[in-house]
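In what follows, chain A forms one complex with chain B and a second complex with chain C.
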Partner chain A sequence: MSGARGRPFLGIAPWGVFFAVFGLFPLAYAFVLSFLSLNPLRPDLVRWVGFANYERALASPSFWHALRTTAFFVVGTLPVTLTLAYGVAALLSRIRRGETFFRAAIFFPATLSMVVIALVFKSLYAEEGLLNGWLAAVGLPRVHWLQDPSLALPSIMLMDVWASVGYYAILILAARKTLPREQLEAARLEGLSPLTVERRIVLPHVRPVLLFVVLLNTIRSFQIFIEVFVLTRGGPLESTLTLVYHLYERAFYHFEMGYASALAYLLLILVGLVLLAQRRLIGRGAEAAP
Partner chain B sequence: MSRAASRVARAGRAPYGAYAALSAIALVSLAPLVYMARVSFGVGGDLPIAPGDWFGRALTLDHYRDLWSGGPMARFALNSLVVTGIAVPIQILISAAAGHALARTRFVGKGVFLAIATAFLILPRQVTLIPLYLLLAWLGLLDTYPALILPHLADPFGVLFMAHYYQTMSPELEEAARTDGFAPSAIFWRIVLPLSGPGLAVVGVNGFLTTWNAFLHPLVLTTSESMRTLPVGLALFAQSEFRVDWGALLAGSTVATLPVLLAFAFFQRQIVEGILQGSGR
Partner chain C sequence: MGAKGDSGVGSARRGPGPAVAAALLLALVLAAGGCGKGESGRRTVVFWQFSPLAAIEPILARFEVENPDLDVQVEQLTWQSGREKIVAAIAAGRPPDLCELGSTFLPGLVADSTLRDLTDQVADLRSALVGWDVSSYRGRAYAIPWMLGTRALYVNDDLMRRAGLDPSKPPATWDELLRAARAITEKGHGAKGFGMSAGEREILFKKFMPFAWGNGGSILDSTLMRAAMESEANLEALRFYLSLKPYSLLERQEMHEEAFTKGRLGIIISGPWLLRKLPESAPELPFTVALMPRPAPGRGTPASFAGAEVLGVFRNSKRPEEALRLARFLTRPENTMPLFVATGNAFPAATASAADSYFVTHPKDRVFLEQLRYAVGPPLHPRWVQIEEIVNAELEEAIYGRKSAEAALASADARINAALAPAP
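For the complex of A and B:
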């Protein structure tokens, strides 16, 4: 081991250079940008504005509206996704034959491009699409899935549940499988009902993963962009405006790159706060457990 | 029969309820994709609606022929192939080199270094979007292949994964080779790399999925139609038309899905492994 001093940098360097230039530098640069007024088309007008971008964001209805959209999204999708994913994992662990097939079928959508998913759902939600066709077939009126301001966001949420259940089911299933089989057998031989086994043994065992799923789903909800870009472009009436879509519009339609960078750092801070809150929650949970 | 015995007996029976529920969920999970493929083989650009339409109507390869006969979609597919074809092998190599160095040597600041790389995994990537745009514009690289490739090479997942992988791999063979007088580079290329297959498969397939499915960065870092990748081209194609040609659009989506399906068929275990180790996908 002694002769290895100094040499690690040769191995780390190729990736390290990319990481520094295209990872760390942009991260720091965004922080600087967030204090500037900068339009790339008018480089002569760049100036330092202090906290003005942050003040503007915090006073902007669109920013708070985007946060409300995210909150609504999390509250609406998380319980459904979590319940379904937990259920799928529980079902998969109950069967022996065919587990591979069902797991693959349910997990596969999670590997797809979100653009492809959004395009397929756009065709399902279209005025002349499959869902309206079925509604018409049973004599119900057409629904404007993506054009109705009160329905557009729920339609996107439904798609999100479809796209992510398999992903989280895999995480939960992996945690279930680390539970010793003997422990389950013993509980069964003691005469505990499957529901009791689930509640007293399995649930506490997979609890850390469930908390991780809550965390991951929340963080991802803050970052929703493709769904909105493909399906609604933030409309109708800003009903599907998310933080990242707002950031994208400010930066690349209005060229307010300083302001958009402040939005990006607010996103970073929000995600950080979610992580902190989660850590607190886990800490408290661990204390309460014994 | 005692209660316990009846439970044992029940556990022995096939769980028909579970099969029924799983079948329903699997159907909901796959039906939209079957629908996508069905529309892509349909005549004209309209959507089949009644269940009978799914199988009753005529099939055609028209949309795929249009794709191949030099339409913009062929160009998007080519761009996606070039970008992933270059980015993923480089990702694999630099991840192996950096991961190996991190696992086998100690140096000042290693802990901080690992902490920063790990924090970067959770970081919302959108934060780097505007700086990357300005940086690549300044370098004169906007709207080029390097703009589409370089940001992917900064991803720390592969490095962290390989560092962990090498920590669990015994260094005995490498030490024996060093005693035999092998140069460090020879040890890496001829001994370490050939033993890294299982780990590199995880890095490779997850790198492929992230690169192939990337959207926001490629959207912003390209300006001309001829430089768009498949996801970007498809998303913008869906918006550009007054009346959407669903057949063409979903044929393009099917083409974008096929490589993912192949990767999934051969590397599902590695994809799951990557997710469990925090690939962030």
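For the complex of A and C:
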């Protein structure tokens, strides 16, 4: 390979090494772990168990409970986040003055650590917190946001939507900005209503980005952990026990590293299947869109 | 002396997923730099602990003066992520030489033979320290008691007065506690009487079991081979505990403390750390600290939960002798008292500390010293993680009204016995 041809590879080498060490190797290592019985405190007692960890997971009520909770989270947050992000992007695209300020304000939650966001919401949701203070001020009863098993997960979902909308809105807004102005003006001259313009011209144009947003949000939602770790630790009554929190408990409280790795791979397979289905359902034609 | 901070809970947006192994690997790489010879050929002892560095460093500096051949490399862990960090370091084969461990984490380490048996090396410390029961298993000591924590009753004097009760006579029995909680709720203008833990399952047994222990109950029988949750003593205690619910604020511990600080909660169970916070956050709040209530006058004990910070030496520690030398130094009363005064979280395990003049000028701290005499620790059992999980889950079912007290305790009994049964 000549020096000139090798230069690009040299350029991406640092990233490549980083990805191999912190991405590929752990992925492969976890795959091997998933076939082992391994207590990290007693690595000398490691033994090969084949598919036993996977069989155990599929027969475990806790796994299915955590899967249901995670699925509820994904199904509950994805449409709301997507709709709000699309709406916010549409509104931002119409703002003529102070656009930079509003864009920055909307994007702001994405710049915060989820730990920080969760800690802030923990105070908001507290019995003596701001939200209950507002409810009390208008004569409404206090709500046990995180203590009520039927409200804890929706409360976390609400926080997650707030934290995510801005980021996705900016992505969709960027796609909208690439739409030629002449095309929109021509449509208006043709007498098309704003709704028709949105449906016939804008939506097909931003469809590839929407697909990207759906896939990204799905992956992130399946991986929900920090919110649960900070706010509820899976409770009350396991109402917020998500898959990743479940595998974390198995790994670091019960020291079942092999079983936790099997759970992680089941999650990986599940997310892969869902993403494939999403691509088939809504991705058709996305690549061909203008 | 070297020092490293701890970043606490990870700042990444999402959680471990398949990267659980990555965390282990990363810890392996990071832990690799922890041992060896320090400056000027001195041997380095790696010490991981949970106190703020500002509190522990002056003590370690004195140790280094006293032991010029040793250099202590101290690292601060957080209670949120310390356990994961320790597990990862053990898995990587590079644990610290000396490590502070919480008593609830200890059984798992003992079960997996991760800690050195220190019984013979610390025999001379037996009478100088208390808390050996939480660091010993089947008569063998696997760690050295360092600091001991317990919880007592905090009572809001104003709310007691408003409820027509005498704040100089805080509830001393279950019946008095129930009456006080009810009266405060009914006459407290929106304040609740009692703080009942909810939404943080991991601490429920610490809040309920004191009532059971005080009534003669226990989690396991004396052989530690069978569950004892379904006993009459436990049932009576749980029925009483649940009777407090209508007059309770069901929240997490930190929210109880916040509500108490704001004068909206009459009685809470909390630790000595609140004594340090209240003068700053609520200097005007009149409050009393009292022993936990006993079942009835002249019956049972005012039991509480005993938590211990112990010092353990890992099986594959590189410098066990030096670690033990540091542990011995740290547990001396002249070193534990400054740590207690600085942090206020737990009391010295050194028996001589009780005579310190600090406790003469700080009567509320003295109540905790008295409370420690009645404090009970969780059984140091190899299966404690599973047992604790079961007890907490069943208590949560009872607190949320999904199960009666009888059903919850019967289920806890059956599940613990199943967990303790030898594998087929």
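Methods note: the second predicted complex is superposed on the first by the 259 of 290 C-alpha atoms of A that agree within 3 Å, B and C clash if a C-alpha of one lies under 4 Å from a C-alpha of the other, contacts with A are read in each partner's own complex, and residues count from 1 in each chain.
Basically, contacts are C-beta pairs under 8 Å (C-beta built on N, C-alpha and C of every residue); 3 or more make two chains touch, one makes a residue touch a chain.
Worth saying up front: this structure is predicted, and the values here are computed from it rather than measured.
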Fit or clash between chain C and chain B when superposed on chain A: clash
Between chain B and chain C, more extensive residue contact with chain A: B
First (chain B), second (chain C), both or neither touched by A:R68: neither
First (chain B), second (chain C), both or neither touched by A:P43: second
Touching partner for A:L275 - first (chain B), second (chain C), both, neither: first
Partner chain in contact with A:F225 - chain B first, chain C second, else both or neither: both
Which superposed partner A:A30 touches (first chain B, second chain C, both, neither): both
First (chain B), second (chain C), both or neither touched by A:A126: both
Partner chain in contact with A:M257 - chain B first, chain C second, else both or neither: both
Chain B versus chain C as contact partner of A:R199, first or second or both or neither: neither
Contacts of A:K177 with chain B and chain C, given as first, second, both or neither: neither
Clash with chain C (superposed arrangement) - responsible stretch of chain B out of 24-32, 186-194, 222-230 or 258-266: 222-230
Shared chain A surface residues [contacts with chain B and with chain C]: 22, 25-27, 29-30, 33, 40, 113-115, 126, 128, 223, 225-226, 229-230, 233, 244, 247-248, 251-252, 257, 260-261, 264-265, 267-268
Complex contacts: residues of chain C adjacent to chain A: 9-22, 24-26, 83-84, 87-88, 90-91, 93, 108-109, 112-114, 198-202, 249-252, 255, 258-259, 262, 264, 385-386, 389, 396-397, 400, 402
Residues of chain A that touch chain C when the two form their complex: 22, 25-27, 29-30, 33, 39-43, 113-115, 126-128, 144, 146-147, 149, 152, 220, 223-226, 229-230, 232-237, 244-245, 247-248, 251-255, 257, 260-261, 264-265, 267-268
Residues of chain B touching chain A in the complex: 2-4, 7-8, 11, 14-15, 18-19, 21-23, 25-26, 28-30, 32-33, 35-36, 39, 46-50, 93-95, 97-98, 100-102, 104-107, 116-117, 120, 122-124, 126-135, 137, 150-151, 153-156, 158-159, 178, 184, 188, 209, 212-213, 215-216, 219-220, 230-232, 234-235, 238-239, 244, 246, 249-250, 253, 256-257, 260-261, 263-264, 268, 271-272, 275-276, 281
Chain B partner contacts - residues on chain A that touch it in the complex: 1, 3-5, 7-12, 14-16, 18-19, 21-27, 29-30, 33, 40, 84, 87-88, 91-92, 94-95, 98, 101-102, 104-109, 111-124, 126, 128-130, 132-134, 136-137, 162, 165-167, 170-171, 174, 188-191, 193, 219, 222-223, 225-226, 229-230, 233, 244, 247-248, 251-252, 257, 260-261, 264-265, 267-268, 271, 275
